Amino acid sequence: MSEEGKDTRSFWQVFKAGLVFENPLLVLMIGLCSSLAVTSNVSNGIGMGLAMTFVLLFSEIFISAFRKLIPNGARLPIFIIIIAAFTTIVDLVMKAYFPDLSKSMGVFIPLIVVNCIIMGRVEAYSSKQRVVSSIADALGMGLGYTWVLIVISAVRELLGNGTFAGIQVMPVSYTPILFFILPPGGFLVFGLLISANNAIKRSINKRETLAAKQVSDQQKAKENA
Amino acid sequence: MKNNIIKLGLILAAFAVVACASLAVVYQVTEPAIASQAQDALNSSLKELFPEATSHEDIKGAVSSSDETVKIEEAYLVKNDLAPLGVAIKATTASYKGPATVLIGVRLDRSITGVHILEMSDTPGLGANAASSTYYVDKAKKITFPGQFTGKYITDKFEVKTDVIPITAATVTSKAITKAVKVASASAGEYLQAMALGTAAPSAISGASQEAAQPAAEATSGASATSSGSATTQPAKPAAETTSGASQ
Amino acid sequence: MDLMKIFVLALLVNNIVLMRFIALCSYIGMTGDIGQSIGMGTSVTFVTVLATAVTWPIYHYILMPLNLTFLKILVFILVIACLVQLVEFYLKKNVPGLYSAMGIYLPLITTNCAILAVTFESIDFNYSFIQSIVYAVGVSLGYLLAMILLAGVRDRMKTSQVPKFLQGTPILFVATSLIGIAFMGFAGLMK
């Protein structure tokens, strides 16, 4: 993807990027702020993931749609206004229709407004690209963010509480390892997850370089023959 | 140059105005739902404490806390039609990591109908067990920490390890909640006393229940009986007994 | 809650980074160097206290009476963005030495979750003005403390052998986890 010009990848390619290779949490390392705090149980993780995706999606759509109308000098304040507006909408809607989840997530819903992912993507991508590409980017990044949150919260809730989204999964005789629900446990799980993702990337890269090498070896053999 | 800044400012203002207007619209739509959440939550908590309740009256102005570390946030006179059933008080005190908020109900006979933990931000697995419905302080009888207060009299000691079973390894939390329950129930008792004597602030109590409550006050609070006309005590007593029987 | 308790809870027991996961972006990104950490930490402290001092009255004397509380998120973040801009202009003009020392951090501070979190919580917890300021100081000093600690640890790690699978960012989180466990010991401070 070229920084200056239009992104020529297909919708699917842009979408896929956010899920693994350019995963905001594990690869780009942005958006950490309000993330780990909501991973003490799966419901919160899913709630935050979807709330963030909503704000990201609509912010990207609006900013991309109006990108010609946003003057460069007042770019950042206008981005902030738009992102803050959608964050407020999510906050109000959750308070009205999902009060328990809203209370459980507390101050982290309003904090979505400073989630580095949203500001980052809006500045780097949707302020320069078409609306359709922006939608793909938002969905990819948002869902990439959400699946990581779900994995972390699943591990923490299962090991730390024996439940998954409140449903008892581990046998009743299982004594929950409290450590995982507590903050240090969250940090540890996240660190190990990054490590695992790095390992996966390394092995995929290794395979690709190996395959590329094989192809070039074959070509060389053909040329020499 | 100056024109450019003005232009930027105007565009910024335009975006801001549109944003604020849209938010105002969303707020209008969601506000009724948000307001009714609070009301529904209160109604259902009061109903759990007093199953026969049909209405409640705000008596916050007439209730005060005797301990400055326990703050009384809300107080209600819970009624079944016009007959008062008791008092519900929501009190907050500082606990281990943050504030702990409890809702307690006290019946006319000065017994506690129940204690609900509304807010608890202490350590999960330790202090937070106060709010857990599966953590039992008495495993045999399956009684939770707040559950053990049901049926206690407001004149009890409310001392952790004496008449209150603490949560294991969470003494601070246990003490904080016990203190909140003690102070809140004492305040409730004071209000009920004042109501019985007719010295309580606003309360729409019918004459019959007031007289019935009077001898009941004498019977249970012993020392502080100051009502005049002990001649009325005799015939009113059987009425008092039946009333207390009904409100149990 | 009395002021001392608010301060100690914010600084240690409920440390904003180690116990509440807030402000991680800058925590991971700016602790490569102890000087950088101190710079960032003090800048954040300054802006947080200033932001709290400005947003608290705005909420209580403007938003609440006019029934505009739903504009809280929008107004607070814009106020913080403006404050940071103003601080930047002022420093550039009047204290150029400090500006070049702090300069790179200033734009980043706008999106620092800790500042916004403090302004929101001062409202949510119903703190008085003084309580809010004390809370702001406690939280931001806690942030500074966490930054310095991790910077120190990273410094030591440069000369130690980190297992291959933990190299890079993972080891930072493991280290944070361990520092966090130590901080949990502070919980006993409050009686």
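Which chain is which? They are A, B and C, in the order written, and residues in each are numbered from 1.
Following the convention adopted for this analysis, a contact is a pair of C-beta atoms (placed from the backbone, for glycine too) under 8 Å apart; a residue touches a chain by one contact, two chains touch by 3 or more.
Please read all numbers here as calculations on a predicted model, not as lab measurements.
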item: Result of counting contacting C-beta pairs for B-C and A-B, higher pair; value: A-B
item: Innermost chain, taking as reference the mean of every protein Cα atom displayed; value: C
item: Whole-Å separation of chain centres (CA-atom averages), chain A against chain C; value: 23
item: Whole-Å gap between the CA centroids of chain A and chain B; value: 42
item: Centre-of-Cα separation between chain C and chain B, whole angstrom; value: 36
item: Multi-chain contact residues (two or more partners), chain B; value: 19, 23, 26-27, 123
item: Shared interface positions of chain C, touching two or more other chains; value: 70-71, 74
item: Chain A, residues touching no fewer than two other chains; value: 77, 81, 84-85, 88, 92, 182
item: Chain B to chain A touching residues, read off their complex; value: 4, 7-9, 11-12, 15-16, 19, 22-23, 26-27, 30-31, 33-34, 37, 41, 123-125
item: Touching residues on chain C, where the partner in the complex is chain A; value: 18-25, 28-29, 70-74, 77-78, 81, 110-113, 116-117, 120-121, 124, 165-166, 168-174, 176-178, 180-181, 184
item: Residues of chain B that touch chain C when the two form their complex; value: 19-20, 23-24, 26-27, 94, 96-99, 123, 172
item: For the chain A and chain B complex, residues of the former touching the latter; value: 40, 69-71, 73-74, 77-78, 81-82, 84-85, 88-89, 92-93, 95-97, 99, 176, 178, 181-182
item: Footprint of chain C on chain A - complex, ascending; value: 29-37, 76-77, 80-81, 84-85, 87-88, 91-92, 106-107, 110-111, 113-114, 116, 119, 182-188, 190-192, 194-195, 198-199
